[in-house]
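Shared chain: subunit A. Partners: subunit B in the first complex, subunit C in the second.
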Partner chain A sequence: MKQLRKYWAIFVVQLLNSLAYPAELLWRSLAILLFMLVFTFLWRATYGSNQSMAGLTLNDTIWYLMLAETIELSRPRFARTIAEAVKDGSVAYLLNKPYDFILYQLAASGGDSVFRILLNALLGGTLVWALVGPPPGLPGWLLAFAAMLGAWLINFCLTALIGLLAFVTEDVAPFEWIYQKMIFILGGMLIPIDFYPEWLQDLARALPFSHLMYGPAKLFVRPEWGAFLELLAWQAAWVALLGGTLAISYQLGIRRLAINGG
Partner chain B sequence: MRELRFLLSLWKTNLLAVMEFRVSFISQIIGMMLNDGFYFIFWVIFFDRFETVGGWSLSDMFVVFGVTATAFGLVSFLFGNAFSLGDIIARGRLDYYLSLPRPALLHTLASRSIANGLGDVSYGILSYLVSGQSTAGGLGRFLLAVVLAAVVFVSFLVIVQSLAFWMGNSTAFGQLMLNAMITFALYPLGMFDGPLRFILLTVVPAALMGAVPAGFIIHLDWVNLGQLSLGAAGLLAAALFVFHAGLRRYESGSAIQVEV
Partner chain C sequence: MPVIQVANLNKTFRSKQKTAGLRGSLRALVRPRYNTIGAVRDLSFEMDAGELLGFIGPNGAGKSTTIKILTGILYPTSGEANVLGFVPWKQRRQLAYRIGTVFGQRPQLWYHLPAMDTFTLFGKIYELDDGEVKRRIGLLAEAFEIQDLLETPVRKLSLGQRMRCEVAASLIHKPKLLLLDEPSIGLDVVGKQLLRDTIRNMSQAEGVGVLLTSHDAGDLEALCSRVIIINHGQVVYQDKVSNLKRNYLTRKEVGVRYAAQVPPGFCVDGAEVVKAGQYGVKLHFDTRRTPVDAIMSRIAEQGSVVDITISDPSLEEVISRIYARVEAGSSHDAADKSSRRGR
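== the complex of A and B ==
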């Protein structure tokens, strides 16, 4: 319980920190308006006079993309922070602190994400409402936001694993770029997976990226209990697998750490 | 001529600096090429299902992507500080450049090379070559269009980043404008209409970085070349004007001794 309070305090401090520069938070969040404007023009031109494609209306597709974009723009990007700590050796100074380095990152990036998610959803949602009509009902919001917690944890594990690659490689930036593009394509961020050829749908659904992006976004426009429970099971399995890999990788990395002087 | 020699020696020094860590240098270039390639899969999937949008096909998108990525990469590698000019201004780090007998803006912009820009350049050229529309004449048009698109892009960055003279810290605003430019440049112009289309040719001139140069390359459209040349010249003049107007408001950061 004491352990939990410690990380909760880190979460709260970071939550308040994220509000320290409200103008900057707002400028950063305005990006969602650009993306939703582009998506709306693209899909309007694509739908033309069609009412529905791949089981989705134009309204469904744009609201799906709004939630997907909210997840993408709000997800913490701390891989380079971890990588820098590993490369410049400052991770060594963190080892004797009374907290676990990975759990510290978990709490801090959690605090960082909350207002970003809310602001992106608010701004993006307002624009999309004006462009294509009202959002899905309350069940969609509730199930999608519940599923976003699992999505956030999968992203956390993958991002931290990329950061820890600094133990074995000079530069982790290319891995970050490619991870982002995996989310874009195999996660279904730029285009709902329902529009893919079947073989690609099967591939995408078997990988973690779709469970952190497509899963919550599809639930938002098609809230179904069966799909929700299935997604939670997938997310739990991926969090267990990736979380375990992360814990082992961190311990192995720390053992490799060579500390010179100081 | 004197300034060109100065630029060439700066770029040579920058190249040697980014090549100091060979593995990182190569991984940045290959990583960026893979990054661009993965991103383009979106259009492959999209056009596999829909064939055309706003009159543009997959083959056209290869050209749009090619010219945009090459222009972006050129600016990243040759004028890498264009992305952080606002930060340099806000922190008073222009002092270093102002104290030397070279044009301050040119010197500042060309003092940093971003290695992954070479990955964008390589991918962009490859994208044009595999578009199915590459010919000897087309390649000449591609090179001309890329240079003009790069002028548009670097001028736009200078204008946006120079707002730091008035706004102070404008990093988030600069990032937003960069996002706008790149996002809109990578989509077919045909799908935008009304006031937004006008904005994309003027205020956020993304069309002058993607669709307009691509139109000139694909269709040998002289109107597109006229728009592009006029846009590039106008934006360059505006960039010089805004930077020098801002410079009159600049307050020293007492950082003359700092090696930037």
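== the complex of A and C ==
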């Protein structure tokens, strides 16, 4: 219980910390307005006079993209922070308290995400509502937000793993770049993967990226219990696999830790 | 029983070597060459419970590396260490409940939040009861004179205020041992004094052992009862501070400004004139041979004094003298020495 309280406290402190500069938080969230505006014009032109494509209406697609953008723009990007901390040795200074480093990062980046998700969804949602009409109903919101938890965890594991690559490579920026493009294409951030040919859809579904992006976004516009449970199962499996890999990598990495300075 | 026991501790770092230019880069890519640096070399020492031990040496001497090994955040290459009955790098988390750490150059307080938030968070991290934490914060706030600072975001505090909060934060969980890495770095004279006084008082009141690294001789004089000087990762001197003072901190430098011009051939009995200008002179003297008051009166006899400063030799000077003495008496081979200079 005290263990749980510890990480909860870290979560709360980081949550407060993210509010230190509300103007900056708001300013950064404005990006979603630009993206949604561009997406709406693009997809309007794509749909033309079509009522529906790949089983989705224009309204569905735009609201799908709004949620996908919310996930993308709010996901914690701490890979380079971890990488820097590993490289210059400052990771050591995060280890001098009785907590688990990975769980500490989990709690801290969780606290960092909350207001960003809310602000992005609020701003993006308001604009999209004005542009293409009302959002999906309550079930869509509930299922999507529940699925975003699993999505957040998958992203956390992958980002932390990329950060820990700094133990072996000098620079992790290329991996971050590849990861982001994977989310864009195979995650279904630019285009819902329903639009892909069958074989590419199968490939995308077999990889973790779609479960952190397409999964929640599709549930948002098509809230179905079956799909929800299937997604949860996929997410649980990926979190278990990636979380295990992360724990092992961290243990191996920390032994090799060589701290500069002294 | 000692709270810290270190025996034959070694830590070497491997760093990639690269010659300049594109060719060098390519060669390093194909066949990387590594340079091994011994940051800590065969270090052995002990520290008793409640002791105030100063660990000093120039930059790169291995002070911080040793502290990092003792807190368990760095694995040694070889050797043994025991801190409060734990092997630090094997039992880091158990040890973390019992020690407090401050790294002067790496703040642990949340920068944008009031110190109070970090204090409360640390209470949770160390798994203390809320009531206990509250009482403890009250006590520490009074001891460190930070009552009025607790609600201010840390970024708005002065460095001195922040360091007092940092050290107070490291004492939240009543540790038995405090490891302070350069706590006084960057502080002004008043800030240093206040911090030293508080650390000493807290140590006496709660029986906390303090291991403190510094490259400021003042920290030693004001705070520590015993000193270990290390250089190139090795102990070059360890003794009581009173002995160190008697043996090494006896040389003083005096700067004097007179109202009238200094006559040519100016001299003061018992002191050596290092520099003489039109109105000012700089003197060196040894307090063992000539007492301070004697020098002062002789200086005053020479004319009307406008300004005077007396300063201690810098720690670097003291260390180099100690080191020169060690070097002269030891049997280090020449190759060993040159490799160290090469760093």
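The rule we apply is simple: the second predicted complex is superposed on the first by the 258 of 262 C-alpha atoms of A that agree within 3 Å, B and C clash if a C-alpha of one lies under 4 Å from a C-alpha of the other, contacts with A are read in each partner's own complex, and residues count from 1 in each chain.
The definition used in the following text is that a residue touches a chain if its C-beta (ideal position, glycine included) is under 8 Å from a C-beta of that chain, and two chains touch if they have at least 3 such contacts.
Since we're looking at a predicted model, the values are computed, not measured.
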Who touches more of subunit A, subunit B or subunit C? B
Contact-wise, after the overlay, does A:Leu190 reach subunit B, subunit C, both or neither (first, second, both, neither)? first
Of the partners subunit B and subunit C, which touch A:Lys181 in the superposed model: first, second, both, neither? first
Quick check on the superposed pair: does A:Asp171 touch subunit B, subunit C, both, or neither? Answer first, second, both or neither. first
Tell me which partner A:Asn17 touches in the superposition: subunit B (first), subunit C (second), both or neither. second
Shared subunit A surface residues [contacts with subunit B and with subunit C]: none
Going by the contact rule at the top, pick out the subunit A residues touching subunit B in the complex. 23-24, 27-28, 30-31, 34-35, 37-38, 41-42, 44-46, 169-171, 173-175, 177-178, 180-182, 184-185, 190-191, 195-197, 200
Interface residues, subunit B side, partner subunit A - complex: 21, 23-24, 27-28, 30-32, 34-35, 38-39, 41-42, 45-46, 48-50, 53-54, 116, 171-173, 175-176, 179-180, 183-184, 187, 190-192, 196
Mind pulling up the subunit A residues that touch subunit C in the complex? 2-3, 5-6, 8-10, 13, 16-17, 20-21, 90, 92-93, 95-99, 255, 257-262
Residue ranges of subunit C in contact with subunit A within the complex: 13-14, 39-40, 60, 62-66, 68, 71-75, 92-94, 96-97, 101, 103, 106, 108, 110, 112-113, 117-118, 120-122, 124-127, 153
